[in-house]
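Lettered A, B, C, D and E in written order, each chain numbered from 1.
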Amino acid sequence: MTDDPKLAGSAPEGPAKPDAAADTPATPQPAAKSDAAAKPEAAAKKPAPKPKAPPEPPKGPEDPLPPDDLEPPAFLSALQQAYPDAVEQLSYWVGDWTVIVRSEALLDIATHLRDDDEASFDYCSDLTASDWPPREKRFDVIYCLYSTRRRHRVRIKVRAGEDDPVPSVTGLWPATNWLEREVWDMFGVKFFGHPDLRRILMPDGWQGHPQRKDYPLEGPGELLLESPMEWLRLRNLQDEAEIE
Amino acid sequence: MAEAIAFYTLSILILGLGVAVITTPRTVHSVVFLVLNFLCVAVLYVVLRAEFLAVIQILVYAGGIVVLYLFVVMLVNLKRQPEEHQDPRRLAKIGLGLSGAMLVELAAIVVYSYSREPSSVTAPSPAFPVQGNVEQLGWLLYTDYLIPFEVASVLLLVAMVGAIILARREL
Amino acid sequence: MLEITPAHYTILSAALFSIGVIGVLVRRNIIIVFMAIELMLNAVNINLVAYAQQLQNLIGQVFVVFVIAVAAAEAAVGLGILLAFYRNKETVNIDEMNVMRW
Amino acid sequence: MATQSAPIFDTDELVINMGPQHPSTHGVLRLVLKLDGERVVDCDTVMGYVHRGIEKLSENRDWTQIILLTDRMDYVAAATNNLGYCETVEKLLEVEVPRRARYIRTILAELQRIGSHCLWLGTHAMDIGAMTVLLYAFRERELVLDLFEEYCGARLTYNSMRIGGLPLDIPSGWDRKVREFCDVMEGKLPEYEELLTNNRIWLERTRGVGVISARDAIGLGLCGPPLRGSGVYRDVRKDEPYAAYDEFDFEIPLGTRGDTYDRYLIRLEEFRQSIRIIRQALDGLPEGPIMGKVPRLLKPKAGETYHAIESPKGELGYFIVSDGRATNPYRFRVRPPSFCNLQGLKPLIVGHLVADVVCLIGTIDIVLGEVDR
Amino acid sequence: MLDTFIIPLLKIVVLLNAILISVTFMVLMERKVIAWAQSRLGPMRVGPYGVLQAIVDPIKLILKEDITPVKADKMLFSLAPILSLVPALVAFAVVPFGGDELFYVADINVGLLFFLSVTSIGVYGIILAGWASNSKYPLLASLRASAQLISYEIAVTMTLVSLILTAGTLSMVGIVEAQLTDGVWYGFVQPVAFVLVLIGGLAETNRVPFDLPEAETELTGGFHTEYSGMRFSLFFLAEYANIIVISAVTAILFFGGWLRPFPNVEALAFLDLIPGWIWLFSKIFLFLYLFMWIRATLPRYRYDQLMRIGWKLLIPIALANIVVTGIVKVLV
């Protein structure tokens, strides 16, 4: 198991699975795809008559600001006052509040949200991530909190890159133990302070992190292993061609 | 005639299984041979008209004590064979010789005593008020041998307490 | 030869007893040594029962009952000691059982 | 002796693999148990044997196709999975679902809860050795499946909801059959109770086994009956009402001791409450359309949301990110209740006997299709 | 020659065949009884109402591939099923199916003790099967089994002492005759002993709720996890033969064996028209049905609970029962 997420895409001798998918044409689906990927010229030529530029991958989530006439709940205002620097932004969309915070201050804010009487978010119902490859800090790590006493919800969002780990909140909510493992497994976001950061759903020796946007749906191919960004551009081209 | 057939068959079985007990390299096999040995001895008791003892032999020995052995063998999950370690001070050959000498001695005694006129002494037990092997044995145990019997039961009690204390995890 | 006398039983018993002695003296696995002791006790029992039959007297059988009781006690205590020893030394080799306390 | 007072007799620690091929790990869960005698001293949970990448797949399918994938997660409660997903997308699209559709959805979800709890009851009792309960519970589950079959033609993976409403209205006479089923089910519950609730062996096997305090349960993120068994009042149906639950009158059973027996009683009571909800919904079933006004091409505005519903296993949440451009979600995440409850297994079983392990796997009611996704 | 060898041999042959055949049909009976308890039909395909299932099942088991695990102790692995079956069959030697000498193989004066000692050998089959499989689940099961069987054997033996006190004999035939002279089934004289023996019998035959050594949902089949084909069917045979013998012995000891109900009430003499062995068989069937009924109804005990029941409940009650019986015997 590679601990370095960068290695994941370019390990010279991975376990059988990813390489085998690219080398052996026995399984038709992955082989066909990796063929297409292996011949970038052919794939690039195809949409050539149409000079339409391939769509850029989305740069990041919208994180819409709350409307002006909407007051954030008291605990959020209190949080903003308590940690003016750490809270980057408040966001509101279809009834859900999100706090975007700096990862350095995550533990402080999480502790505050858990212990503050107004907030008392004692229940971490979900922890997940989303991947926005063009961005420098490509991952959003999202904590869905719930309070069993006050019965309200909030989401915390932290931005993380491949190499800057996020503090683990397992000490605050033991529930996040497996959830952080899953995020590590699926995205390669590292959590420091986690007691047992192993893969959870994928096999222990797996290369790569499947939920990343630059990880192909059909499994890793050769091109992906060599240059993920190029692979992503080509895939977007292909998708465009299919839609046409 | 029937007794002779039974005796020789059983003797061969008993001795063969006895040899197997002490020669088999695997302890579990030894225990199995020991059980079979005891079963044969029980049958021998039947031949000798000691039905109660035969049953007790199976019930207590085969069904109880040897199960204990088996239990211990399974519990003692050996990481290395005990026979591997050889103590230099150990003189197995001399031990073998010693036991051989003892066998010779026993044989000599037997041969010597039976080379003389076989003494057909019978010392029948006093008349019992009850009939049957079990009843008579019970009668003896609860009249003449009452005190030894009670001592034996106390011995068993002490052994039980001792075994429990020894086998407990923390002392 | 076809008539089985107590002598036959004595010889059988002596042979079984010797097997037990060999086991005790030669084997190093203490469980096997215990089993060899059981063999010796059985050899004695055979003798007792045979003579009880010969003498038409049940006292021999009474003694067998006591021997079995003692054997049961011996097995229980012996195996208890063995377990206590094993969990400290992780061995059942009698050659390594050369200390009085541990 | 005194100098080595550490645990002495640990030489017999036995590591056994429970699963993935084991009759009572409810699928392909694998537990690596470290045993001291029969007592579990440590446990590692290994999963992922049926990881099909449903989240990844869903990010490459369009919004309607995903409904079909959600069926495959908790395959014993497919309708609630559909419901959670559809509601989340509706929340993103800000679509109003017609009242009739919401009522029918509620009926389906509660029928599904009964079906799922039947399966749980049967297998849980079977793990503890009471095999007749299994057959009885499956007998009733069959009735639920028949009802679903009549509604949507499928018996396991229903694909029974659409974004904005329902694909089908209820067939004529279906509501009468549901009522009949409610009567039958109510009559059968005493049979289960007779076999188990006051059975001495059942009591000994479940009472005081796997006790977890309310504080620990919240901290471990348990949800559904395991959380309520510890006395935490938490039910998404009451706290954050969805579908039509705010219009019905029902109660949330709570446990007091937080042991296996309490969780058993809670689920039995949930049968009754589900029947109560279904009856109310059938009584007040409004007329009207079953599909809301949904655009032909589903393309929610860019944004993200988390929406939870109470599945039979607990809080089933969907976190969906839309980038506002594609006809598929940018990020599709399921918060599987089985997964989160399974995390509570280790603290529950450490210190218990092997026999309790199967009992505790049963009591947290997992479906591996949902744990692994 | 005829009396000493040929006739007993014939009896043994007949008895063994009868046991083996009745075991196969007992499996069918069990499947049917449990199916009815669970509102199912049970086997219905082979023959009318699935009757021929009893013949098809053994054929299937015999024809199945017999697998020996590579790491197993080959000798003990083969020996274990035999060690398990033989005592179960030998125990039938002292079971009288009627008062006449025709109906039993042997009536030895230590019959009851013989029965107890022979069944106590059966534990070896289970322990060795678990050990020889060289597999962890069977090993756990065999450790469970050895502890369970020995504990319950003690309880049953002690309980039977009070019955022996009442009957004054160890011979099986003698016990039934004692019930005739006393004019009452000992089930009514020794109700406590009867219940204890029934519970102990369940435990000694590894039946629900004491089926821990098999515990399919915990130990994946327990000691016979690694067995298949013929050797598995030997275990199967042993288990059911044990159930039959325990039922038979319970019927003999507590329900008057081949005696009709109220054996000394003259008004019911017309019941004697029914032969004794039919009475005994119907009693055995009653117990078999009871065993199956229990299996369909009850969950399984846990290991520590099982040991607690054995040592802290059954054995003290059995001891108290002996004391009470002794006092009553002296006073009356």
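Just so we're on the same page, a contact is a pair of C-beta atoms (placed from the backbone, for glycine too) under 8 Å apart; a residue touches a chain by one contact, two chains touch by 3 or more.
Please read these numbers as outputs of a predicted model, since none were measured by experiment.
Visitor: Of all chains present, which has the mean Cα position farthest from that of chain B?
Guide: The chain lying farthest from chain B is A.
Visitor: If I average the CA coordinates per chain, which chain comes out farthest from chain E?
Guide: A
Visitor: Centroid of chain C to centroid of chain D, CA atoms only: how many Å?
Guide: 63
Visitor: At what distance in angstrom does the C-alpha mean of chain E lie from that of chain D?
Guide: That pair's centroid distance is 43 Å.
Visitor: Can you compute the centre-to-centre distance for chain A and chain B, using the mean CA position of each chain? Integer Å is fine.
Guide: So the centre of chain A lies 74 Å away from the centre of chain B.
Visitor: Find the geometric centre of each of chain B and chain C from their Cα atoms only, then give the gap between the two centres in Å, rounded to an integer.
Guide: So the centre of chain B lies 5 Å away from the centre of chain C.
Visitor: Which positions in chain A are in touch with at least two other chains?
Guide: none
Visitor: Residues of chain B that touch two or more other chains: which are they?
Guide: Each of 52, 56, 64, 75, 133 in chain B touches at least two other chains.
Visitor: Would you pick out the residues of chain E that each touch at least 2 other chains?
Guide: In chain E, 139 touch at least two other chains.
Visitor: Would you pull the chain E residues touching chain D in the complex into a rising list?
Guide: Of all residues in chain E, those touching chain D are 34, 37-40, 136-137, 139-140, 144, 208-209, 211-212, 215-220, 295-305.
Visitor: Considering the complex alone, what residue numbers of chain E touch chain B?
Guide: Against chain B, the touching part of chain E is residues 73, 75-76, 79, 108-110, 113-114, 116-118, 120-121, 123-124, 127-128, 131-132, 139, 142-143, 146-147, 150, 153, 157, 170.
Visitor: Would you tell me which residues of chain A are touching chain D in their complex?
Guide: 55, 58, 61-62, 64, 93-96, 98, 122-126, 128, 130-131, 142, 144, 148, 151, 153, 155, 173-179, 182, 186, 200-203, 210-211, 215, 217
Visitor: Report the residues of chain D in contact with chain E in the complex, numbered from low to high.
Guide: 14, 16-17, 22-24, 35, 38, 125-132, 135-136, 139, 195-196, 199, 201-202, 204-205, 353-358
Visitor: What does chain B use to touch chain C in their complex?
Guide: 1, 3-4, 7, 11, 14-15, 18-19, 21-22, 27, 30-31, 34, 37-38, 41, 44-45, 48-50, 52-53, 56-57, 60-61, 64-66, 68-69, 72-73, 75-76, 78-80, 82-83, 85-87, 90, 92, 95-96, 98-100, 102-103, 106-107, 110, 114, 118, 121-125, 133, 136-137, 140-141, 145, 148-149, 152-153, 155-156, 158-160, 162-167
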